[in-house]
Structures are given as C-alpha cells and as structure tokens.
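Both complexes below contain subunit A, partnered by subunit B and then by subunit C.
What follows is the complex of A and B.
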C-alpha cells in the first residue's frame, strides 16, 4: 500500500528532474542580454584589425591586455549600434591606417593593389613571347641538323689526309 | 661582283620596331626601386638622436586642450609615452607626478603625457588611479610616437629650452631622483 503511493510520487519527481535538466540550460541562455554583441560579431571586426603593439597578430587572436581592451571597445561600440565601417573608421582615426589588415586604397597604398596584377600580366606576356620564340621555325642559315652539309670538293687536301689516316687503322 | 656579295646586299634587314613595352617596364621597375629605397631609408632611420631638434607636434589632451611643442620653446619639456595596459609604466607613474608637482610652481618645466595605443576609459582610469595632473592625451593616429619612432612604452624624452633632445629614458625610471637629475641638468644650461 505504501509502495503504491510512493511510486507515482517518485515517478513525478524523476520526471521533474529530467525536465529540469533539459530546461535549465535554456533558462541560463535566456539570462544573457539578447541585444549584447556576441563574441563572433566582435571577432568578425577584430580579425580585420591589427594592434600596433603586437605586430602581425590579428586582433581577434591576440592575447595581450591592449588587444583585449580593443576587443572590449569593439563590443561597446557594437552595443551602441555602430556599424562595422564606423568602428573601423574610429580605430583608423585613433590609431592610424596601420591598424587595418587591408590598407585603404589611397596615396602610395594604391601600389599594393596595382603592382601584383601588373606583375602577373607582365609575367604572362613574357611567357607568351618565350613560347612564341620557341615555336618560330629556325632560319636555314642557323640550322645544321636537317640540311645536308655541302659536299666538299674531292681534291680537298684535308679530306685526302683524313682518308689516308683512316685507311691505316 | 660575285654572287655571294650580291646576296648579302639584297638580304632583307628586319624593320626595327619601337620597344615601348620594354621601355615602360624598365621605367616602372626604376620607379618601384626608388619607392622601395625611400621606404627602406625611412624605416632605417633610428629614433631622434641626442642633440637633434625635436619635430613639432600637437597633443590634444583628454580635456580637449591643444598643446603644441613649438609654443613651449623656452621651457624644459618632459615628454612621457605610456599606456594603461603597460605594467612598467605604473612603476614610474607616481614618481613622474611627484616631479611634476615639484617643478610646476616655477613654470620652467612642462610635463606632457602621450597615451600610446590605448582605450580612453582605461586611460582615464589609469590617470585617476595615479592622480596624474599634468597634461595627458591620446596619441591620435600614433603620429607623435611615429615621429619619435618609439620602440615601446614607457619612454621619456627630455627636451631643452631650444626644442633640442637632450636625454632619452627607455623603460621606467628607477626613482624620483633620476627624473630630477635629468631635469636639473637641463635647467642649469
């Protein structure tokens, strides 16, 4: 009799426990600020920036305190509703062009965008010229393989001596 | 005239086309080399040397005040580069403030703090923490630090009354006396 009353209670308790396990993480997730920028959103901008203190390390993976402060600044600006371009412009204004992963296309920076395609075009042109030169038929004056050598006069002294030497062997 | 010589005369000489392409490539290469050389020359230039005239700069302080170096001619200038994320900077912060308070009444010495690659809230918190009262401002666009070609922070530059660099301290000061010794030397000149 006692067991009969305990059994449904136990089942309900177990069911509640199971449900709590399912829903607790969801409750935790809802506790965060829904409008707050995520780490991914911060890092999407951070990876386009470089801190001058830690050269050649993108901001999203840099571990120094200076970079952590910068990432927090990005988060703060995002939460204020700033766009990606506005944030990047702010960083350029504060710390200079060198914080950008891709230099802005102005002044001498244009060379960075112009020289590589020009170099590729030049290379293609040189290769084209080289292949064309290889395919061009060789002139008869310079060719020695296919054309028979002109016959030497039979009374040539050198030929006579050569034949004489050969006949001795 | 024999047959061979006739052939030589009548042989067609190829027409020489202008080689604009080659000329253009060479000119382009030369321009590129000049740019590279100038860039290298710029990067090879070390920091401002002792005895060199210090380039003029404008520092906009956190309070919005504008301080121009050329306006400070006739005074000894102590220019300190720092950052809130820089732990060694904290070692000298109190000594610098003490020195400033000591020399400020005479008006012969000016202290300037340049906040290098920092975020404003943390920089302001740093200034409040060490109760720093001399003019401080961010190095906007890292222009001042690039002009001085600093290697890191802290770095302190002692500039005489003629805007000439007289001493550079790389790293933090070990004591207040060290700061005083450098300033007194310049005041005595």
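What follows is the complex of A and C.
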C-alpha cells in the first residue's frame, strides 16, 4: 500500500530532479556561486510544505530520503530564480492541496475555517440565553439576601467573603 | 504456554466482566444486595486476572519469545531489560492490554474504598467500569491480540494467529525488530503510562455521573465523591502532556515541543473538557447550578478519552482507507457512539430534575466568569476536533486529502488562549453571586497597575510584536493577581490571628487547598505561557555546512565545528557525534554534542540535539548531515529558543499546584465547625 504510493512519487521526483539538473549548470554559469540559495532560504519554504508520505511532519525537518529530494528540488527552483509562491504552486500542482500546511480556502475547504467560528458564536448565543434565563426570576426575598451589606469597609468585606468562601469547601 | 495462559486470563476476565455487568444491573433493579456483592467480587477478580495476563506478556517480552508477533515487533536481543519491560506499551496490542489492566486497578480501588458509603451508586459504577473494560477486552482478545503467534504453514506465507492452523508449526525467529527508536527515551517510557493513567482515571468520575443519572440522585454527591479522582486524573493527564512535549523537544529534533499532530491533539482534547469540568463543578458545589452542563462535560470527557486512546495508538485516522480496512476503527466508533447516545439519553431522562438551585445574579460574578472560561475551553475543543476530523471529511467528500497543520490551530486558538489568560486574571478577584463592575474594579486596579508597569518594562526591552506584548502583559497581570490573592489572604489572617506571615500563609493555603492549589496551577500556566510566547514568537534558526574549524553565527551565538566521530554501541546503534564549541557574545561558554543515532534493526535514524539551556534561552544544535572526512564539513541546524525553559519550570509549578489541590484531607469537617462557632463567617448569605 505504502510502496505503491511512494513509487510513482519517487519516480516523478527523480525525473524532475534529473530534468532540473540539466538546467542547473547553465544557471550557475550565469549567476555564479554567490547567487546559490542558502539552506535557510530553502528551509523557509520547506517549513510551509508537507510531503504526502510523512504525515504531519513539515518538510524542513523531515528526515526521509524523499523529503531530502524535495528540499533539493526547492533549492534548484530557487537557483533558477523562482519565487516562493511559484515554488509552492508548483508543488500544489504536482501533488495536490495536501502539501500545504493549511487547506486553501476554496470549495469544501471553506468549512474548515467557517465551522469553528460558527460553533463559537453558537456557544456565545447559548451562553447569553442561559444568562438571561438564569437572571430572570428574582424573587424579592433572594434579592435582598444577595445585596452585600454596604456598611462594611472594603477590607472587612474581603475578609468576610474570604472566610465564607474558605468555610464552604 | 505462557502465551496461552495470558490469553486464557483475558478470556476469563471478559466472561467475568459480562457476568459482573449482569449481576450488578439485576442486583440494583431487584434490590438484591447478594447480586451486587457478587458483581463487586467479579470486579475485584478482574484485577488479579489481568495482572496475570500483563505479567505473562512482560515475561514473554523479557525472555525474547519472538514466536509471539507482538514481542518480535517491539523487542530485540540488543535491548536492555528495562526497555523490554516498557515495551509492554510500545505497540498497540500491548498498550491496549496495559489500558485494561489500569482500568481494573482503578475500578477495583473504587469498589474497595467506597463500598460502605453511597451504596446506591456502586452497582452502576461497577456496570460502567465493567462495560468499558469488556469493550477493551474485546479489542485485545479478538482484534489486537498481544499473544498471537507466527505460524509457518506448508504452503504460503506465515500466518499470525493465536492457535495453530492445520499443519502449521511455530515459527521461532532468532531476533525481533526492536522498539521504535523514538520510544527509547526516558520521556517516552513514562509519557504513555501517565497519559493512560489520566485517561483511565477519568472513567471513574464518568461512572459516578452515570450512576447519579440512573439512580436519580441529582444533588452534587457524585461530584463530591469523585472530586479527588478527577483532580488526580487531571494531574496524570497534564503530566503526560508536559512530558510528551519535553520528549518531543529532546528527541524529535525539530526544535519544538508541540506540533499540533492529531496524536497530540487526541490527548489534549480530554484535557480541555476535563479542565472545563474542574472549574464548572465548583459552581455546582457552591451554588447548585450547571448540573446539566457538568453532566455534558464529563460525558464528553469520557468519550474523548476513548477517542484519544484510539487515536494515539492506531494511526488509522490518517486516511479513510486505513480506517475502513482496520477492524479496530469501526469498533471504536461504534462504542463511542453507543456510550455517547446512551449517556445523553440518561441525561435527558433526568433533565427536568437537574434544575438550578440558584440564579445568576451578575455578569461579573465568579460563576459567570467560570461560564465564560467553559465557553473558551469548549471553543478550543471545537477547533481541535474539527481540525483532526476535517481531512477525513474532505477525503470522503471530494477524494482530496488536505493537511490541517499548525498555522490553522495557532491562528484559531491563539486568541482563545489569550482570553483564558485574561479570565485567569479576573475571575479569582470576582466574588461568587454578587459582584459588580465597581467591586471588581476596586479589587483589580492594583494588580492592573503592576501589570502595566511590566508592560512598559517589556516595551523598554525593545519588544514590539503585538502578540508578544499582549501575552507578556496578560502573564504579568495573572501573576500580579495571583500573588495579590495570596498576599491579601495572608495579611487578613495575620491581622485576625496574629500568626507570623509564613504561618498565616501556610494555614491559609491549608484551609482550602483546592483554592490555593488552583492559584499555584494558574501561576504554573502563566510561566508556561511565558515560555511558549518566547519560543513561538522569538525563535530564530539557521542552517549551514561548515568544515572543521569554521563557524556559524546566529544572533549573539557562534558555533565552531571541532570534530566528529562515528562508532557503534552495544545496543545496536551507529552513532555520529559532533563536537562543537559554543561562543556567546564572543566568549567561550562550552561544548555541545549533537548526534545522529542510526538504529540497525529498525533502520531508523534519530537526531539528538545538543542543547545549552538557561532561563534566558536555549541554544539548540542539530547535526543534519556530515561527510566521512570531517575536514570537508558537516551540516548543522541551529535554533535559538528564548525563554523556553520557563515552559518546563511552569510545568513543574503546575504539577506542584495540582498535588496541593489533590492532597487528601485528614478530616475537613471539624475545621468548618470551628470557623462557624468562632463567628467569623457571616450568617449564611
């Protein structure tokens, strides 16, 4: 199962690598070594990508061979002058949306961003209703009981409250 | 032989559990104490039987019985004894057996301890415990059997089965594949059992809640009985999470402690509902409110515990296909669905009886703020649950897999966590029942001013990121409020009783350990927040390849590559260990040894960082790659993680606080009486 998914992937990667290698010397010849992308530039992009094989491990820290090759691919693309977005789009076209750390907001994926806020709003609404329901019936007896005696100075009031709270475990 | 014995013990335990459920239900329904007593004995019997089974597996693991598939998959000849023992929870089948064993330990402890009081609950507590136990036993006996052996048959592939297929012979392998190297770390040895302890002990408060629903005892008795259980469960779960983070930081080699992986989130979700529960039961105890909501929370926690157990070990949620192909996935979902629906039905049945005894009188009262806290915890839960589930939904509907990674979780939960911090600052100062903006303001202005001073200080240090400023300000605010609460209580006690300050503080905390333990926990959380802000917002990293004697700089730090050696170890590793010198501000501060361990048996590499750790920052170096001749060069990845040690310090404080809160009372009753007679407490308001 795993092997079947990895094999075409690997061959595609290798093919792309081989293809890109053809162009690399030319680029180097034009730009010279100072233009070569640094590891940090590669990692900055790899950090935002996930390979389809290693679940939930970002590309910049993934130790597998396939991921090392992807990082090399990013390096090649960078040295060819590709921008960050171009490289990310390239991977999305090749392997689908799953290479991105978060789904792009389109189609069904909107749900991922919409449901939590909606659920939270619903929670706020329920809470608001609950507050109102709990506040409504105040009989005169309880309301007199609930009024703190205003005569107490602030500190004594605190001590009284503290004692009361501590005594009721 | 031993495998058969262990398996037989499992089967007998299963039959006994089924009998126990029947006896408990019958005894409770017919009011027949003899049947209930029999159910109790059944419950108590599961413990020695499962102990026997677990010890049987440990025996097989320790003695290298590689004909047993589980043993071959998690141990090998080169593994030391302690790792072979801990391999009991190194794989799925073993951890499920371990889970059932823990369940029998806890359920037996409850039936032993609580038998004389609250008798009407106990048949139902036994029923819930045994049903849970029986479900896990089904998994262990029929699907993930740790005792299954490998048989070679005359034709075809070797077969994994408990009993020999026709004409088959036992296939004895000379060596096993060994434990996953990631799991050979002290943190990983204690992390799973702690998590499981937390998971399993949350079953007990749930069992009492269900017992309360069935018997119709709708007062807060079930909460009072299980208060300490819940705290202990929460303690273990928290410890498990913190140690898991520490393990990730030490072993996984990505310079972080938490990656929003579904497995991590699975353990985090019951913690979220559990934490909400711990807060909201206080409202029920003090004010007799939120009875229904507390039931909902404990039911959610129970099912998230089952969900978490399933998720942490199986990995079948990674795709729809994996889920459909595994026998264990559908069973787990059926059980979760069944228990959830049954629990909700029981709750609805008592809905009208679970009414509030009091009214919410003010939006600024502590109970109102606790409700807000519950809302935030549930909101974080929704984000987590949705993030874990959505890739499956997407795959089911469109066939496209998506990754829901850290950016999603960080953006959605960040503000919610900030809200929790804010509440942590305000709620302790709000009074129960009647609290107005005015009284709250009067209590809050002093700590507020202090926190503003800290904010100015932080601004002076040149920090400008809004998220960091907000985070540091909130942290300062909570610390100020918490310290102020201790201070006010201590001063008040000192004035009243004339005790010296330390004695006053000690007695104050002793009077209500749950309250002051809770405040210590708050302090722990804030310290952890400071560490998290440090590493999340201010982490910097660089990577480079350098030859011997060359240097890489990151911020104030410089490393110089000194040497590299490779060697084999007796436990089956090939180690490549670099020696680097670290300079801070041009000054030599020591050597670090980042290394790469390659495990021959499992053919897996492990990247162990070299870390220089101080309260100010961690300097974290990984050996990414190297050339055989060290003069050519080695590649290092270097992280600067400011303040991350505060995270671990905070974790420590957090655990201390939980222990203070959960420490058993000797006898709480007299203290209450003394206070009442002394006349300090106002007539019951």
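Everything below uses one rule, namely that the second predicted complex is superposed on the first by the 105 of 169 C-alpha atoms of A that agree within 3 Å, B and C clash if a C-alpha of one lies under 4 Å from a C-alpha of the other, contacts with A are read in each partner's own complex, and residues count from 1 in each chain.
Definition applied: contacts are C-beta pairs under 8 Å (C-beta built on N, C-alpha and C of every residue); 3 or more make two chains touch, one makes a residue touch a chain.
Note that the structure is predicted; figures quoted are calculated from it, not measured.
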item	value
Touched partner set for A:96, first subunit B, second subunit C, both or neither	both
Which superposed partner A:53 touches (first subunit B, second subunit C, both, neither)	first
Partner chain(s) touched by A:69 [first = subunit B, second = subunit C, both, neither]	first
Which superposed partner A:36 touches (first subunit B, second subunit C, both, neither)	neither
Touched subunit A residues, subunit B compared with subunit C	C
First, second, both or neither for A:162, with subunit B first and subunit C second	second
Which superposed partner A:134 touches (first subunit B, second subunit C, both, neither)	second
Subunit B versus subunit C as contact partner of A:115, first or second or both or neither	both
Shared subunit A contacts, counted only where both subunit B and subunit C touch the same residue	52, 96, 98, 108, 111, 115
Residues of subunit A touching subunit C in the complex	38-40, 43, 50, 52, 55-58, 61, 63, 96-103, 107-109, 111-112, 115-116, 119-120, 123-124, 127, 130-131, 134-138, 142, 145-148, 154-155, 158-169
Of all residues in subunit A, those that touch subunit B in their complex	51-53, 64-66, 69-70, 72-73, 92-96, 98, 108, 111, 115, 118, 122, 125
Subunit B to subunit A touching residues, read off their complex	21, 25, 28, 32, 35, 83-85, 117-119, 122, 138, 140-143, 146, 152
Touching residues on subunit C, where the partner in the complex is subunit A	252-255, 259, 261-262, 286, 289, 318, 356, 359-361, 363, 368, 371-372, 375, 378-379, 382-383, 386-387, 390, 393-394, 397-398, 400-408, 412, 431-434, 439, 442-443, 488-489, 492, 496, 511-512, 514-515, 541-545, 605, 607, 635, 637, 668, 672, 675-676, 680-682, 685
